[in-house]
Every structure is written in structure tokens, then in C-alpha cells.
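Each structure below appears as C-alpha cells.
In the two complexes below, subunit A is the common chain; its partner is subunit B in one and subunit C in the other.
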Partner chain A sequence: MTTSSSLSTGQTGATGLTSLSRATRRRLGQGAHPLVGKCLIALGSAAALGSTFLAWTWTTAFPGDLTVTGYPGGNQLITLFLSILTLLALAPALVPGGLPGTRWMAPRGSARLLRGLALANAASTGYVVIAIAWELGGVANYVAGTWIAGASALLAVLGAWLLPDDDHEPAPARPTPRWAQVVVVFVVVMLGLLVADFGVTTGFSEEFIGFCLGAGFAGRGLAASGLFDRFSALTAANRTATGCAVLAAAVSFVFLQSSDAYTSVADNILIFATVALGLNIVVGLAGLLDLGYVAFLGVGAYTAALVSGTAASRYAHVVLPFWAQALIGVAVSVLAGLLIGAPTLRLRGDYLAIVTLGFGEIFRITMNNLDGQSGPQVTNGAEGEYGIPDLRLFGYDFGRPHTVLGHTLGRFGNYYLLLVLVIAVVIFIFARVDDSRIGRAWAAIREDETAAEAMGVHGYRFKLLAFGLGAGLAGLAGTIQGHLTSTVTPDQYTFSSSAPPNSAFLLAAVVLGGMGTISGPLLGASLLFLIPDKLQFFHNKQLLLFGIALIVMMRLRPEGLVPDKRRRLEFHERETAAEEAYEELVADGLDGADGSDGLDELEAGARA
Partner chain B sequence: MSIQPANPPASGTAPGSEPILQARGVTMRFGGLTAVDGVDLDVAGGEIVGLIGPNGAGKTTFFNCLTGLYPPTAGSITFRGQRLAPKPYRVAEAGISRTFQNIRLFPNMTALENVMVGRHCRTREGLLSAIGRGPRYRAAEREARQTARELLSFLDLDRHASAIARSLPYGDQRKLEIARALASDPGLLLLDEPAAGMNPRETLALRETIFKIRQRGLSVVVIEHDMRFIFNLCDRLVVLARGRKLTEGRPDEVRADERVIATYLGTAPGTAEQEASDAR
Partner chain C sequence: MSVTVLLQLVENGLVLGAMYGLIAVGYTMVYGTIQLINFAHGEIFMLGGFGALTVYAWIPGVAHLPLLAALPLMLLGGVVVAVAAAVGAERLAYRPLRAAPRLAPLITAIGLSLALQQVVSLWYRLPGGGNAKAPVAFPSFGGKAFNLGGVLVQRADLFTVIAAAVCMAALAWFVARTRSGRAMQATAQDPDTARLMGIDPDRMIVVAFAVGAALAAVAALTQGLRYGQISFDMGFVAGLKAFTAAVLGGIGNVRGAMLGGIVLGLAEELSSGILAHFRDTAQYGQAWADVWAFVLLILVLLLRPQGLLGERVADRA
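And now, the complex of A and B:
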């Protein structure tokens, strides 16, 4: 006890709320029988499930038509799905001693999983209930189903918070044969595809917000229960299988679409994500802050457009095949990267950020001025290159619909498949370079440049390499982007605007998603593209909300949504130390009646 | 280890062997402050040289000049007959490796990765081979990993191989720095206060380790304040005071030298004169 209190007095952070709620929960949980909590969850989730088959309002004014009794629609589908998920997660816990063979469902204890799922359901359902009253003008728009849905979702949350903590170290995973691991990876990735597909194809803002709330809280629950860790261990052990599964899932996305409406969204996400991954090499791996990165995308797009045969180009008579355009586009981008990097990368820290910011603006203004009036006519100025012809690769015209495996691929579908291929190549390069002598040199430079140089790492050369590689990958994405949008204007490549990709959003996607990781920027780019795209009603408040979201994010989770192992350590030094101390205490058998209060404080300190 | 035929042995070198390191008139000025003032140093192959002196004598600055961290204001440094360019990575490539006074590991990399970074300048694999992963790349990577593991076990750190460097106990972090420095196959190892913060038992083990490093054919220069440690370790001692070389010689000679005692304690006769001349 003495040890624990001396440790906890050292933690003078914001202990108040967290420790209170934790302590209250523990006391409540100890008072109430665990079965009460479980029954409440079961009752609440079952009732919420049932309510989705009722009408939630009597007017069709609310999007998604929630007036139908008999089958669920719109946001009810999310509630239905989350209720089923909660019940599935609860089922093993209802059997005394646990259902054999279901231990894997919650390696660190099912209470956290159930809390996450119940909260997800309540957040998503509660949002709809409130939105009905808000948008239609009052509670008068509620019908019996609305009340049942709201109340039962809340009931499940209450039950989940009555559950006693069953937090424990995850038991080691049982050895499973390789084929079973591969099957699990494929199934999980395909389920992930379905969830992602649902998110991308949500038809109205309410559905998208409900989806985000549900997916976010459920994801937190899954992470807290240790399921994510277990799955990522599985993917780390089967990297090739994971790569194949993700590629297969990404390709099959386009076959789930009946029209091109959402494929074009997916195309833009892929371009955004590809560039974000390229930026992650510069920012996440080599630790260089680049604030003008979108210019390299522009360099690629303009270079490819100039030699693609568009009438607006000065070189309209030069029509090169796409592979040559891509090569030239990449080469010019790399050159631009080296040109900017060579004089500036000798500097450390903020200077680079300022120079790159300047480069971004120089690029945009130069493209604007090469219009025949302010300068020689090369890029057609502010009007840009328009009428860029569709891609043609090996006789495959990307502008025409093609029928593949009985499914008609539209124009955007064609580009989608090409972009999946490109991003796969970028991911491949990223992963391989990160896990190599070069990746280690970058990590060393990032951590301590002086020590790295003393160990023989040529800092300047490797920073330049990161800069050039990043620029080249962005340029590659640019060469396709020009053809996809068929118009390239200077205004597409600004530092900041309300729609991605622009330099600010790219950096945000990397930081928000998780620097130094592959899935982080992918997730960050998807979110940052989808949120402005789906929530049109924000209009001009978008950037404000975006800024607030970033501030909150940096305060609560500076390492990003998908943290890199090293970054997590960098940002959570104190917490990690406190956690270790906590574990030691537990190991010493101090988890007794009088020890629990001290542990509470210690935990609270770890969260501060 | 090959010692290239170089300049004739200079005074102060242990008899019978040629110096692999020759520093001549190394001077480092920061504005008006002269931190190192015309210091000469010769180190023979397989020799252990101690660099001692009171705080602020310029020992670490001298190390930084040797390793290219500071380009010296004047003077030349020759290693194995070649003049060294004042760039840290060139110095490391030439075969001089070092540790730091305040530990400068890569804190969030594993112990093994730290040592593998030390191997960096002995491998040549570039971007394309890292992406392509041909047989040559894999062989080089395997070799680097192998060497790193050997060095970890040489310093008795194998149990920490996959631990994050920051989480290692203090003494082990110092040892890990030595392992990292050894990874570049240096001919000369510069240790900046390697025993700082170690308990007597660890210090004793460190001495054995340095002897073992010498057996691998390396020369070692050590900065240290622990006199018992340094007198029992070194073949030769160099005393720095106020940026200048005060004296050098065998440990027993240096121990008996009154000027050395005076520099440390500042009470012996002649100190005032010395100070007066320094002030000028």
C-alpha cells in the first residue's frame, strides 16, 4: 500500500472524473450481481433489435423512411446490426464459467467489449432518436418504436456499466494451424470490407453519422477487449495472406457497386490515400515536416496532362502512351523533390516546413501564370488543362464500360482497379523500405540525428532520399488523377481548402491516422474525405469543425487512430511507466481490499 | 586488423607499435572561448588510453573534434594514415566509433535495432535492393542481424535483444551504446565516461569488457572521472586542463605528477603561476 500511494501522489494530473467514474463503477459493480447487468444488456439489446422492425416516426420526412413496420430501413439497420453483435458477444458470458470455445471473443475480458458495443448501439440509436425530434420539430414526431429504441439502448448501456471489471492480461492465443489463421484473416478482412462498403455507400448524412458513431464506439470496444491486438498479431504472422486478403477485398468492392455513384468517391479516396501514404514516408518515417506536399501531386498531374494530347497543352501534338506519361511524371516529381530538398534538408526543424509551404504556393502560382499573358503559354493558366483524354492501357479504354465476370465496370470502376493496383505498389514499397537498412536509418535520424550521424548514417543523403521517394509516389498518383478528373487546374493544389486533397488535409490524414503506419493514413484519408463529402450541410463550418476535431484528437490521442508502436511509446512515456508500476503491484499481490483504492488512483494517474 | 604503414611513430606512443590515430594541434574555439587548444594525441594499435582532467577541461569537446561532430578550428586528425574529413559519418566509416557522455541511444528502437543501426556504414544496400529484396540484400540483412546478435551477447545483453532501448536498466543502456559503437567494426573506440552511474560491480565488469574489446584488436580512448577505474585500465594517461594537454605518461607517472594533483585540487604550489599564464 505504501508503495502504491507514494506512486500515486506523484501523479497529479486530471484524476477527478475518470477515477470517480471508475471507482463508482467498481463499487456499483461489486454491489449489484453481475447477472443483473447481463440481464439488462440482454433485455435492452433484444428490445432494441425488436424496435427496428417497428416504425420510428410517422412521417417520411426523415431520410431513410423509418415509417415502415415489418422490416428495418435506414438507420435502423445499424441499430439492428449492433444489437445482434451485442447479443452475440453476450451469449458466452451468460453461461456460468463461459461457453467453451468462445474465450477468443474477448481476450482481455468481455465487460469492456460489452460496454463498447452497448455504447455504440446507444450512441447510434440515440443520435437518430434525437435527430428525429430535432429535424422534424419536436417529440411529437415520436411513435412507440422510437421510445422503445431509445430506452432499450440506454438500458443496455446501464447494464454494461453494472458489469464488474474483468480486466486481465490476455491469455496467450491457442496455436492454430496456418490454414485456419489464413481463413480467419480472409473472413475478418471481408467483414471489414462490408463495413467499409456500408460507410462509403451511406446515402444521407444521418446514416453516415450513425454509422460513424456505431463503428467508432464498437471499434473502441473491440480494441479494449484485446481482439484487435490478437488480430494484428495474426496479420503480422501471415503478412502475405493479409496482403492478398486486403487486395481481394479492395478489388471486390467495385463488384459490390451497382452504379458508378460511389465508385467515384472511392477513386478520390484512393488518390488521397496514396498521396497520404507517400507523405507518411516523409513525415512518419523520416520525420520531416512537409507543408507543400500536394504540389508534387500537381507536378505529376500537370506533367502527364501536358503530354497526354489535350488541346489546352502547349505540347498538344505530343501524345505519349500512359506508361511514358507516368514515367515522366514520376521523374519530374522526383526532380522537383530533390530540387526543393537539396538546399533545405541541411537545415533542421521548422525551416524545412516553411520552405515546403513556400514551394506549394510557388507551384500553384507558377501554373497560374504560365498562361501566355503573365508568362509563356504552357499550362493554360487558371483555366487549366481540360479535356484530358481517358487512359488507355494495353488497348483497354478506361473511358468505356467493360463487362468483367458478368459485372459492368463503368469509367470510375476502371480507374478504381488501376488505383488499387497503384496503392498496392505504394504500400509494398512503404512496407519494404520501412523494414530495411533505410527504414532503420530514418528511424535513427528521427530519434537522434546527431547520434545517427556518429553511427555512420549520412543524414542529409537519407533525408533527401525520403523526400525524393515521397515526391515520386505523389507524382505517380498525380499522373492518374489528371486523367480521372480530365481537368487539371492550379486551384486543385492549394495548401488548404474545404475539400481534400490539399496539403493541410494530407498532413492531417497522416497525423490523425497514425504516423509511420500503413493503415493509419488509409483510415485517416478515408475519414477526411468522407466526412466533408457526406456531411454537406456543414458547408462553410467544415474547416472550423475539422480544426476542433484535430485539437481534441491531439489532446486525447496524439499518436493517431492507428498508433505506431514507437510513437505510442514516445507520446505516452508517463502512462507506460505508470502501467508498468501498476502491473508490478498487481504481480506483487497487492490487489487486495485495502489496495484497491490506491490502484484506482494509480490507474487514474495512468490515464491522465 | 590491418594497420597501414603510416607516418613514423611520434613521441609518447607505446614502443614497438605505430600509431593508428594521430591528432596534431587540435584546436576548437567557440567565439572567444578556446575549449581545446592545440592538443596532440597519438594512439597505438591495441592501446588503451585514458583522457582525464577536471570538469570543463575540454575532454568531450576533443572527442567531438575527433569524431567530426565539431569541425576543429585548427589542427589535423589522421587515422590509419588518412586525414579525416570533419563529418561524423565519414569518421565512422573510416573506423572510429564512439559512445556519448549522456546516453544517446535511439530510445524507442529495440536493442537489436540500435545495434543494427551501428552496422549501417558497413552495408551498402540502397533503395532498389531494399524494395527488390534479392539474395544479396537478404544475405547482407542476415549478416547485419547476426553481427548485432553476436555483439549483444558479447556484452551480455542478449536477453534484452527485442526490448525497447529506453526500458533497459541504466548500466545496460551504457553497454548497449558500446555494442552499437562496436557494430561498425571500428579500429578505435572512444568511450565518453562509460562508468558514469555504474555501481562498483558493474564498473569492474566494464573493465573486463574493455580488455576483451582490446583483444578484438581495437584501440580504446576512455574519458572517465572514476580514478580507480582509469588507473587500473589504461596503458597510458593523457591529462587535459583548460583545453591544453598538461602531461601524459604511464598511470604511475601521472599519479605522481604534482601538476596533475594541483589541477584537480588547486592547492599545490605553482598553481597560481599556471593560472596566470592561462588567463593570458
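And now, the complex of A and C:
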């Protein structure tokens, strides 16, 4: 097999390169005393922290007003926060073995944590420093504070790379009482909320880019230090508490907002994320590629709109309560899913992909044509259903502001709370199904359908179940989406367009985030919505970049940003197998006398 | 409905079907060799059209030639661009994933399709500074249509049918008579044994991509000539239809692809034409044509998933 051997040679080459660079780095690190690195980090971070209280430029032309001496503003807040974080992260590295009480910060060694944080600070700060010169036209716009900020952030990075590697297996977590674990989960989730809130409410693109750079590199550092693994172990042990904490955090987001401006952004993200999660059941869990998924959202939205009493509907005289609309919307979506799925799921997955692509197109054309001209008047054609009334649920009018706990909830705030509830239900279903016999059957089918059938898994039935469930969840989201946007047109539900959600965006959110995970599509949907929303210059190139992102992700990191363990193994099956074989041989070689021959043989085999 | 009207519908259907068939060959050949549905094939078709237009618009003098003389040059341009794109995609995007789970190349193909569309939409420029965000004018034959006893045959229609016939004959000769063609058949049947016989399957896969792309470029040229315009997103629906044609004829079967294309073209034209004939449904014709095509696809998958000429492919289907 050419393919497997060429793959494994590539792999060997890549591993060789990383090991070389790591060795070089170690040699560099050994040259300097560890104290030098730590001092540089401390000095750099402290200076960067101090510089945020200075002005960074003398004109107010740069957004966020960086001209004020005395307190930080705009992007300086990010630098301030990251500097404090870096200084805190120095604690476990201060004395050998770490300061007592701070060792939990770096279970796998603090050097990589410090490198991640220092790099995050340098990337975010450095970006602003460069942006000031770039946007305002030259370094003439720099003042003392700018130079201090840039230089000190770089100094901290230099220091972090001078640190010796201290990677080690994470020490087992000390047993802590249940209540303490729950408190930790709550605190971390709330901190996460504050970070997410900062990201959603960034007011200008420079701030958003600085935030993304900082959060991205800091996240990498935290993951490398083993902190994420420890936290996920904690959440796995306290699933109920985690669920409550996330729900509480999501609800409290709306109480952090003083206006509806960012709540509407959050509403759109939630719709997008709910549908992406539904698609993740189909693509991530069952391994079926659905390229017309947004049509099910449309089916739900249209069905609910038709019986909601809008004047544009043919059935304007039919006004059903929302729970009935939702039920009908879900039922019609599931029916559509079964109609499409029943003939195609008997065949191999590729057919499903193209049939769903066709279905998405049929849906759009049909909604366009049912306008009384090219077909019977049902949906009002290209103009769509407009003036869909606001939701009313148990006498609660979603269109009017309400005062809850002294906080005024606007229209978008009302919908936000409902959408949080819906996404919580979807997450609950996702988690329970994944963890059940059905989820295991899906895993078996997506890995090898023939083998699964041989083991007694009824492939067709389980695939149809995944498809129907996915369609139903999208339909449910659609019933709310129609009311939220108050207009439903055929063009909202295309394969690709410049505004989410559409099928291409949804697939990108799932693939980018991580197939088969819950947090993956949430992260993916948030990023894919916020990036075009915050970065205007990006607007007409987003589809291009998402297309390239899909290709690059499949090539380099098919398991997504938040990888599922089993997924990672599936995608890297051959590489893992090759590595294991290599390691086995190395182990044998150390025992046996003629071990080196075996190694040479293997390497020759890999080259062939 | 008079016989003339019916014959006219059949003529339209045949021409449309010949074009679908030319694109469908690309799906079917790639599928036949590596069991991959190359979703980006519709975009290869689109690039072929823009390649031909580039030769026409950018090379000085070509636009002043009589169209029949310019056609070979345009065809060459289209084929070069389409083949380069297809071979590049195979080499850079698909080949590294050949050992990956099935989902990976499919998602790559979707990404490729999005990216290629956007590249053309964002950066294609005409000599006058016009861009390709909206449909772009394509040269078309002047002159009157031929009248065969009441049935109007446009000049571009004639070109399409002749081009399709020549291409299919050349393809049949290539597959059956040349060393490369036979090697390709061998690879499709059993890549491992083909390798033992001294055939390089990687090369054969590239050949399959290249041949499919070349025929797609011919199809794009006929599309441009018939409709007088091309657009960056024309590959989407055309690709879907052509895939339907490939499945209809039996995916993996080259002759089936052309047959499937013609059946699909006829079905599409006749269904909308006959609907238009009745008064109650007079308006329902053209707007629903795409819907009939997909309904046909689903019916075929339901009733005869191996296609018209396909063999029983239990493990493939």
C-alpha cells in the first residue's frame, strides 16, 4: 500500500523535526541559569503590567482611547489581565517543586504554562503595538508606554524560552472534599463566563483580535500545563454540578448586559450552536455527512411561521400556541428527515451527502415556488413569511421588556433565556444518547459498518434514528428562530451564503470545533459567528477562509480544536499503530543484543 | 401537444443531457478508481468555463477571430485550467487523506468547492475591470438556428452534441485501446494486483482526475455557448445534476454516465414541458425543473441503487 507507507514516512519526518527543535531548545535552556528565565519573566510581565497604566499613543484615533495615563483602557485591559496571569503562574516555578499551595496550577510542569501565557501576552500586546503604527501611519505615534509594553512583553517571552523544560507526568490530584470540587467547578465556569462575555462584548475589531490572540495562546498554555485535563477530570466526576454551573453562568450572561445590543449577538450564536450540536449528532456521532442540514431548520421555521398567525401565511387564520407550533415543527422536520433518510441510508454514506445537498436545494426552490405564481400560494415565495408575531409562552410575552430581579430583560433577553433552555435540552439529549447503547452503536457504525452489522448492530435503524433525531432538533431550533427574526425567507436556508447559519457554516463549526464533542461545536459556532461579526474587513472573504479552514483541518487536525479522545484515535489510527510498533521495537532492541538491526530494518521499511 | 413540440422538448433534453453526461464522466471515473465522490468536480467544471473565457478575453486577437476558429484555443485554455485544478486538488488535498476515515476527504472536497468558488468570485478580472461576482458574458454563436421540420436546433446545440459524441468516442478509445486506459481499468478493478503488474495506481488516479476535468471543461464551454454567460456558482447545481446522472447510469460506469445524463436531461425537459402544456400547471414548468431532477435521484436510489448500467455493487453501495 503506497498510501500508508508514504503517510508513515511523513510522520517519521515530522517527529524527527520536533524532537530536534526540542533538543536544541533544551540545549539553549541548559546554557542559562533557570533563575535568569524566571527573573526575565517577572521583570517583563511586571513592566507590561505597569505600562498599561501609561498612554500607548497620543492620538485618540486608535479605537479604545489608549491616550490616558493613570488607568488602562481598550486593549490595555487584555495586556493587564495576561500580565497578572503570567505573574501568578510564576508561583509554582519559583522554588523547585513549586510554592506550596500553587502546585495545582501546573500539574505537568510550569515551563509550558509560562511559555503559553508569555506568548499570549506578547501576541496580544505586540499586535496592538504593530496595529498602532500600521493604522495611524508609522512609529511616530508611539509614546514611551508603547515601547515599554512591546519590549517588556517580548522580554517575558525570551525569559520563558530560557526556562528549562520540566515536563513530567502529572502528579495525582490530592483527594478533595466534594463541596470543594463543586466550588472549584463553579468558580472556573464563572471565570469562563467573564472571559466569554468580554469576547462577545468587544466593541471594535482590534480589541477582538487582541482577545482572540490572548485567549488562544493562553488556552494552549493551560492545556499544555495539564490544567485542562485536571479540570475535565473534575467536571467528569461532578457532572450534575458542572451542568448546573454552566446553566447558571449562561443565564447570568444576560444579567451582565446593560443593553440588548450584545444579547442579540448571543441569541444568534445560541441558535447557530444549537443547530451545530444537532448536526454533530448526525456527523460526529453517527458519522453521516449531512450537507443540507440547514433545510431542517428551515422546515421548523416555516412550519411554525405558517401556523403562527402571520398575515403572509396561507393559514393566517390558524393561530396556534407556541408549544403546539413547536410540536408540529419538530414533527414535520422529523418526517422530512425520515423521508430523505429512508431511501439513502441503506446506501453508503457518500450518497447521503449528495442527496442531502440536493434536499437543501429542493427545499429552497420549493419555498421559493410556493408563491401563487409558479405553484400554489403557501409560503409567499421569495418575500417569505414576514411579521411573525413574538412568542407567547404561558402568558409571558417575549416581545415586551420584563423586569426580573431588578434587571430589565429586553426582547432579545427573553429569547436568550428560552434559547439557553433549548440548548440545555439539546446538550442533555446529546450527552445521554452518546453515553447509551445507541451512542455505542453509532460509534461502531461509523468506525466499520460491516463489522458493526456482524456484531448484531442494526445499522440502518440506528442511522435513521440519528438522522431523524438530528432533523428534529434542528426543527425545534427553527421554530424559535422564525419568531426571533420575525421573517422567514427561502434565502436564509441555503448551502452557502455570507451569513450563518447555513449548511457550510454549520459543517465548518462542527469540524473546526471537534466532531463528537459538546464543547467543540459551541466553540466553533461562537468563533464562526463572532469573527465575521466583529471583523468587518473579513466580511467578503469568510467563505473562502472557511473553505480553506476545512481543507487544512482535515489535513492537520481532523479531530478539531476540542478533540474527542475516541475521535483522535480514529483519525490517527495508522499513525498511532505505527508509533506503537516502533516503540515496541525500540523496547525489544534495548533488551536484545541485535536490537539496532531491528531498528534499521524498521526505518528501511518506513522509507520504502 | 403536437409532435413538433414534443420533438423540440426531446431535442432540448438530449442537448442538456449530453452536457450533464460530459460532467458526470468525471464523477464516475474518479469514483471508479478510488471510490471518492469528488464534490469539487462542479467547481472544476466552472473553472474550465473561466479558463476558456480568459483565453477569449485576455489573449489579444482571439476575440476578433471568427468564433469557430477561436473555439479550439478557448477549449485548450479551459482544459488546461480545469486539469491543473483537478490534478492540484488530487495531489494536495485528496492524496494525503487516502488512508483517512471516509468523512475526511468528503469534508475536504466541500472545503475545496467553497474555496474555488470564492477565489473566482473575489479575484477573477475581465480586461475592462469587470469582475465575476455576477454572471459574466460568454461569446455565443451568431446566426439563425437550423430548422429541421419545425424543430429548432441552435448552433450551440449542434456543437454540444458533436463535442459530446467526439469526447465519448475518444474516451472509449482511450479506455479500451491505450496502455494507460487499460492500466486505469486494472487499477479500478483491483489496485493491489494492478501494482503487482507494474502499474502505478497513483499515476492512474491522476489520469482519472485529469480526464474527468478535461471533459468537464468541454461541458463548460458548451454551457457558456448555449446560455451566453458563465458564473462562479454555476458548478453547484450543474455538479449536483451531473452526480445524479452518474448515479442514474451506475456510478463507476463511463458509458452509464452519458446514458444517465441523457435520461436526466430528457426527464427534466419533458417533465417541465409537459406540465407547462396543461393549463392549470402552465406556470409550474421551468421553476420546478431542478426539483424533478432530485426527485429522480431519490427514486433511483430507492428502486435501483446500482443505476441503469451498474453492476451489483453490494459493498460499494
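FYI, the second predicted complex is superposed on the first by the 538 of 608 C-alpha atoms of A that agree within 3 Å, B and C clash if a C-alpha of one lies under 4 Å from a C-alpha of the other, contacts with A are read in each partner's own complex, and residues count from 1 in each chain.
Just so it is clear, a residue touches a chain if its C-beta (ideal position, glycine included) is under 8 Å from a C-beta of that chain, and two chains touch if they have at least 3 such contacts.
Nothing here was measured: the structure is a model prediction, and the numbers come from that model.
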Touched partner set for A:404, first subunit B, second subunit C, both or neither: neither
Broader residue contact with subunit A after superposition on the shared chain, subunit B or subunit C: C
First (subunit B), second (subunit C), both or neither touched by A:357: second
Which superposed partner A:432 touches (first subunit B, second subunit C, both, neither): first
Which superposed partner A:465 touches (first subunit B, second subunit C, both, neither): first
Which superposed partner A:456 touches (first subunit B, second subunit C, both, neither): first
Residues of subunit A at both interfaces, subunit B in one complex, subunit C in the other: 450, 570
Residue ranges of subunit A touching subunit C (in the complex, touch as defined): 1-4, 7, 10, 283, 287, 289, 291, 340, 343-344, 346-351, 353-355, 357-359, 361-362, 365-366, 368-369, 373-375, 446, 450, 495-496, 504, 507, 511, 515, 540-541, 543-544, 546-551, 554-555, 558, 570-571, 574
Residue ranges of subunit A touching subunit B (in the complex, touch as defined): 428-429, 432-433, 436-441, 443-444, 447-448, 450-459, 465, 469, 566, 569-570
Contact set on subunit C toward subunit A in their complex: 37, 39, 93, 95-108, 110-119, 122, 192, 195, 201-202, 236-237, 240, 243-244, 247, 283-284, 287-288, 290-291, 293-295, 297-298, 301-302, 305, 315-317
Subunit B residues touching subunit A - in the complex, by the definition given at the top: 67, 69, 87-89, 91-93, 97-98, 100, 104-109, 113, 116-118, 120-123, 125-127, 130-131, 133, 137, 140-141, 144, 164, 166, 180-181, 183-184
